[in-house]
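Here come two complexes built around subunit A, the first alongside subunit B, the second alongside subunit C.
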Partner chain A sequence: MNDLPRKPLGPDADALASARPKYVGKAVQRLEDPRLLTGAGRYTADIRADRMVHAAFLRSEQAHARIKSIDCEAARGLPGVTGVYTAADFAGIPVIKAPSRMRDYRATSCTVLASEKVRYVGEPVAVVIARDRYIAEDALALIEVDWEPLDVAADPESAAYDGAPLLHDELGTNILFERVFETGEPDDAMAQAPHRVSGRFRMHRKSPLAIEPRSYVAEPDRANDGLTLYGSTQIPGILRDILSGLLDLPGSRIRVVAPDVGGGFGGKGSLYPEEIAVCALARRLGRTVKWVSDRSEDLASTSQGFDEIIEAELGFDDDGALIALKGRVTGDIGAYSIYPWTAALEPVQVVSFLPGPYRIPHYRGEVKGVATPKPPTGPYRGVGRPASVFVTERLIDMAAAHLGIDPAGMRRKNLVAEDEFPYRIGSGIVWDRSGFAECLDEACSRIGYEGLRKLQREARAAGRWYGIGIATYAELTGIGSRISVAPGMPINTGTETASIRVDSTGAVTATFAVASHGQSLETTLAQIVAEELGVRPEDVRIVQGDSGATSHGTGTYASRSAVLGGGAAIVTSRVLRDKIKRVASHLLEAAVEDIETGNGRVFVAGTDKSVTFAEVAHAVYSDMRALPAEARENLEASESYDPVTGTTTTATHIATVRIDPETLAVSIDRYLVAEDCGRMINPLVVDGQVHGGVAQGVGAALLEELSYDETGQLLTGSLADYTVPTAAEVPPIEVFHLETELPGNPGGFRGMGEGGTIGAPAAIANAISDALSPLGVGVTELPVTPERLFRLVSEARNKTDTEK
Partner chain B sequence: MSTRIDITLTVNGEEIVETVEPRMLLSDFLRDRLGLTGTHVGCEHGVCGACTVRLNGVTARACLTFAAQVDGARIETVEHLGTVASLNRIQQAFRKHHALQCGFCTPGFLMTVQEMLETLPLETDEEIRDALSGNICRCTGYEHIVRAVRELADEREGAAA
Partner chain C sequence: MKPAPFEYLRATSVSEALEFLQHDDAKIIAGGQSLVPMMNFRLAQPERLVDINAIAELTEISEDGADIVIGSLVRHAEAMRSPLLARRLPVIAEAMRHVAHLAIRNRGTVGGSLVHADPSAEWPLLVALLNGEIIVEGPEERRYLAAEEFFIAPLVTDIGEDEILTAVRFPEPPSGAGMAFDEVARRAGDFAMAASGALVQVEGGVIRDLRVALGGVGDGPVRASALEEELTGKPVDAVSVADIAELACEGLEPMTDLHASAEYRLHLVPVLVGRVLETALARAAGGRA
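The block that comes next holds the complex of A and B.
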């Protein structure tokens, strides 16, 4: 952690100057930890109920096939089986569509269970309900499906051709959308550019892979003809809203609760057929229905991430100034466009962020999303940006190498400068002031960049392969309503509401619609409320992840909860604080302006006259002699916050790698991040988010790939094949924080939960390419598995041999 | 399937007598039969380590063990460490260093770390990383876990000296 002085500037200067103890910015120990450390957490799989039954799903073994018949008789006859259900049993539930206002967008239709045909291996086809999970799985083995296999076009380029086998006949094409972003004269500018570099890049499909597999428990409320769904989800509010429509229940009779959730990373951020199925069956049977996926099911059916082919070209002048960028992105969507995010989510973000934090006058980004017989893609940490940053940062390094300029200098020359903000990049995104160049400089100086280059020269002289890779990026976080509606999604993610109350005992409860699944929101939001109200963080109970507690709200994803949830916490706390001060001014017989709060007390500044929060509450609620009736203000407040646009977060990552020329084993030597996320709420939590993000980026760069063969079969269906980084593969990670200028939201926060995963794949790809540069090859495909590296190196060696 | 097996074992110091199906996994037995839901299941195929318990003092994967195999054994789970009101040293170090985020992997790590501290020299961080590599954490990037274990290992040396 760095110890740079904090600038007391920014929108929150008055709050910072107040007398209340400061909790924001402190490494407060987490309030959620004691229960999670003792096995006392309550995750969905831990929930039990009387008369509970268990679900197991029969999944398609075919990538694309017609279902001729399903024979469930033997399964139904197994003792302990309550029922076996197929698509027809869910016919009353409307099809799921994720609409978009994007022009010519083609929304796919998806049913709870596949009817007529299946479109990916792992698609749910039938569901068994039984006394326990063992019996339910026994019954699955007794179900017979008669398949008629259909032609398969498993890769997005072949699926995009006219005449390719259609996944959704009614759409008449597999291309779900196409879009072009253009600024300036990209064709002419590119043609006239003195220098050009280009490549065809590929980011392969990943699994978000939260360690807690997806799990749901649907509990019917027979007394009220209602339902509670407990689930491992990031989006309880979105689920409540859509399930209310699908099950035809008013929101007052359906509640979605995310209890402790074991990580999400985007994989628990969409609507799933299994969620609808357990709810419908719980209502039908009048019994609690539980489903917990196993890891193989999870790998085969949880929304997958990334997966695009990107052809890109960069034009620049003799001095390295960037002139033009062109990119063509083909997104492999999978079989369905996921609700609510739509098929456009990931690939459109790739073209949106391709110009990066650089000044590039001419840009064209073309994107299309193609349906393929694979599980749907959805949000995964970083969404689009890991792929776009990988491509742009590779191109920058290629351009630097072409001109013989140092890669750090190449970036410094082209980064949007301090006096150019707000800066609109070619895709239309507007960057606000953020420490683009400052982070690059900080990273280079902290890691001793010049020294590393010297080390590299020595290593090369000794025949060793050593590489240094830089990735500089910017991202839009904490997105408000004006931007969130832009992709035309069916929901509003741009606002957040807090409700805070002091009850009759003086205790503080603050309710939010965010849904923590590891982000520490029970602590960070408590820090904010505590500081603003004048109590201690451990005195604030945070209620979150429960759709029954709020009228609207979506959840936690897209690096939004600190900016939006934190913003709502601040504006609401301030309204409540003013009420408390007004009440206390009566009790203390002092002017409101002289009243202050702190450490659970309300006092007259500069005197020893004070009352406790409990005494204020008692006066308002219980002791009817204490206050005149008109002064008894309810100690509650509820306010919403909408950042309208978004905040710009930036970072530079530097990785150094060693590659063994014999075994081609890659080891990451050092990993350093310098980032500007505005004011930090809790530096320990921020560091933890960066570390975790970088580790996932290491996986994306070196290990993780959901690999499907040409018939659409998953080849990496267990953790033995889909390998994620362990402590042995992740290097020590050094993190430095900068605060350049605070963004214009109440707390001065910028979102940062995804950044690690955005920067790391590019930094590592550049480091490996740098190490291999004497061979004249570079990385264009991630992950760089040992096999890919072997091919790359052998090709280079063969080429040099033939040239000799 | 109707064969059932009687087992007697000690779980967290308490003697347990139960009848189980031969195919019942130890993880399901602990969680569903005994209600000890602190032992988590992340993969059910022996890779992630979330289900790690101590079986006769040695770490074992509850998802790869049948309940019927543990007749006569002594088992400790995360519930045997400290309590919410009084965390043990390992739990305190994890909290201090923010070595957990979602907490799903944490019980498995705690059981592994407890054994590491009893049996390994842990002189270098690399050694700590190797010893942790049988447990997967998707949230923390391991950095803070390594720091927590480093502190515990150093403290142990200090105490021994």
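The block that comes next holds the complex of A and C.
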């Protein structure tokens, strides 16, 4: 034997690797950034048109009132005003209802502008069209509404009683749905459990608060009797489909475009009255109509998140093994059941995910959604899971404390183990194999968990308040058609289609129905297409967010775009690559099997024979002598992908906090995330999503709350009172990745856009509770504002004083 | 969120500004950081705005004999960076760090903050703490007002519609005095839920001069007079800050709002007073180490 390296048989592996570079998994710089960072982006508010007019909405100042009359005469007379419109002007547009197949579900009826009565402060009542927004707002001040105030039941518990003032008289109740999930024998098992902990938890109402408020520009196409709606939306495809029906226009004459969009977080993921209004008025006036929400309108009228009361109980044995879980959720869903998701979206997911990543044989989750005079709730980053994880993770910590077991050990004992996957939890959700325990272990070892406990003992001895909080969760992402059909929504969210083409210059364009609003999809989808086709990411133009470019597609929400869009990118690229190879095999006079692609070239592996993509395209489209007619295949492919069920994503978050025992100021000391989203497309993007998600979770945990008083008035109507975390309140975030394989999925990608927001509220709540544990109190209500903490600590101190 | 129509006039001297203010419904605009949001919410709808930003004489920080004079157009950021103030009244820079955010500190002015008179604002508290004198120019006369005369209620002061605040004058602080400022706010840059400043002069181990001012717990800035009386003349060594800080709450009736209840504010007062007193004592010549 000699030590000389042996020449590999066949083509040189290194040479092949460099001729055929991989991009998936690489920290590719965001391709959209040069545009966005140099001001070359184009947001809806940037759109201008000839003879464009501006809309401003008169919004209800009443939570629940009958509209006796609206006097618009003075407003109409103001110079510069084109028109003032009320509900009657939109009478031709069908009432909007969000249907569902769910038993005991009652859809609400919503009109473009409130007719007869209003159901929340901020509900649009009239719209002014004027030469500019200033005049439009001047005119608003001249409209007089004669209100007849009606009784208000502003909190969901009082609104659920028989005899409570009804928001929708025709429904006969404010309870819009009720559901129960049950597995095993929760009552018996709970009664027999050796130990139980329980609590009444509250997750307050939150605003999605994208930095770009909702904005729409509707441009009539008078030549074709059509319309284009430019809008800051996450769901151009869904909007095109519903608007087609509402405006009675075929999909070919109505186009919905989401240009650059400055964040959504769920708040731009539903149908809004303002969208319908600007479209209808643009058609009526034959002029482009623009509406840009201001921040106060955004706070008062964009769909809101969370808002649940959750009573829950956990039973376990002497060793800490979980036996039974019961949860009862009352969701305050606001005034209307939002289209297309329905009011059930958020609260039902709370009970769906309450058992979490744990082995709990007996479960019952009951949920009801109650209509109250507040803006509709809708999707918000994490949907249901921030609340369920908060509750379950608090209960786990309470159980650990009850038994004197370490919280990390308590979790390790109960997490679904490797050999138990796929595992069906009590609500029916099935977890595929994902690194539940691995993330917990990784997080603990990276943060030096044992060392932190030692630090805590020292801090306590010195009278300092220091707490460590863990949150472990799993979520279902990238949901496919089998699960998405279940609620009976009128839309299909379970598939995604990619259309990819090489044009006659050899350039690659890939079209998707996703609608990136900060998710970096122009980069990650380009990475996938580039790797599969054999070009560079910067050579792939991604078209997305334009309903005119696709037959069907719904948009970007629910951690779906990397899984579904990425899956579609792979399957479609492969079909197209085979076409390219077949064509090239003629040009290169080689067998198809020997042909590879990479760096924009098509080559015979192991040789220097190659043609460029441009040469292949020229041969197909332009040089009619180059190929036999039967070998001319258009270089286009369009395929769909359906993950059928969905993919499981998991993470463990660990937060440590310091609390000033005197002022009760909370500061987050360290924040660490160990997550498993399967194969990462781009670690920079994954980190960015985690960072942003955790920042929103910090808001949910400590700061952000939409407060309504008992009459339904919004108290937090501006950013002076609705407090979001700033750079100063968000700690540095350490992120570690595990990449559990996902067999049977083309890319192995799991969705991860929401996880940060799901784990952070629970981890921070647990850390604060841990810091306060010597006082015998814990957090049950989020956000933990200084005022709430003050009351919690004062109660504990008073209690110990009286006990003394 | 667009303001109602208004007329805009730009003054280049105090006398011109006073002339422009001769109108039924005119308002001065300085940094615009409080007024413009109020106008955008249509809570303020002045018919005429008188812009004073071009009046050079209002932009100075200067010494007049032993006094320190800060022109009304001095920006929070300028006060924070001023070497003169750092030397003579370092507590001002210490407080300015808590005012809003960089962009707002670059625009917002001393005069605007005093006239806006938010009960949690730092400038009113500083004027109360440092025995400042607010100088107001009117069509007929010039007036000199102490904090307790100037601040009447939240967002209400003694200044007339036709007057302009030109400067605030601070007397020389007692020699060797130590000063300190601290506050608790929900987020960095938010208005304080409670704030406190202290100034203490110690001679021969005895507290000669003591002032404690509070913000966010009353209609305007408040002096903790019961506490001041109790401590003045006492030997430093005999003072246990923890024991006396409660005295600072005497007579306080703080408001409850969305961010903090009256009880929580009252809880914060002795904590803050204790902290600023300790720091001021440590900084005073001949005070505690």
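Note that the second predicted complex is superposed on the first by the 784 of 804 C-alpha atoms of A that agree within 3 Å, B and C clash if a C-alpha of one lies under 4 Å from a C-alpha of the other, contacts with A are read in each partner's own complex, and residues count from 1 in each chain.
In this text, a contact is a pair of C-beta atoms (placed from the backbone, for glycine too) under 8 Å apart; a residue touches a chain by one contact, two chains touch by 3 or more.
Everything numeric here is computed off the predicted structure, so don't read it as measured data.
Of the two partner chains placed around the shared chain by superposition, subunit B is the only one that A:V685 touches, whereas subunit C remains out of contact. In the superposition on chain A, contact of A:L322 is made with neither subunit B nor subunit C. In the superposition on chain A, A:A141 contacts subunit C only, with no contact to subunit B. Within the superposed three-chain model, A:V128 lies out of touch with both subunit B and subunit C [touch as defined at top].
By the document's definition of touching, of the two partners only subunit C reaches A:F790; subunit B does not. When the two complexes are overlaid, the chain among subunit B and subunit C that reaches more residues of subunit A is B. Of the two partner chains, subunit C is the only one touched by A:L715; subunit B is not. In the superposition on chain A, A:D294 makes contact with both subunit B and subunit C. Residues 133-134, 138, 294-296, 718, 726, 728 of subunit A lie at the contact with subunit B in one complex and at the contact with subunit C in the other.
Residue ranges of subunit C in contact with subunit A, taken from their complex: 1-5, 41-42, 101, 184, 186-190, 193, 258-261, 263-264, 267-268, 271-272. Interface residues of subunit B, counted against subunit A in their complex, comprise 1, 21, 23-24, 28, 31-32, 35-45, 47-48, 50, 77-79, 81-84, 87, 91, 94-98, 100-107, 110, 125, 128-130, 132-146.
The part of subunit A that touches subunit B in the complex is made up of residues 27, 29-30, 32-43, 45-46, 48, 133-134, 138, 209-213, 260-263, 265, 292, 294-296, 517-520, 684-685, 687-688, 690-696, 718-720, 724, 726-728, 730, 732-733, 756.
Against subunit C, in their complex, subunit A makes its touches with residues 133-134, 137-138, 141, 294-297, 662-663, 665, 703, 707, 715-716, 718, 721, 723, 725-726, 728-729, 785-787, 790, 794.
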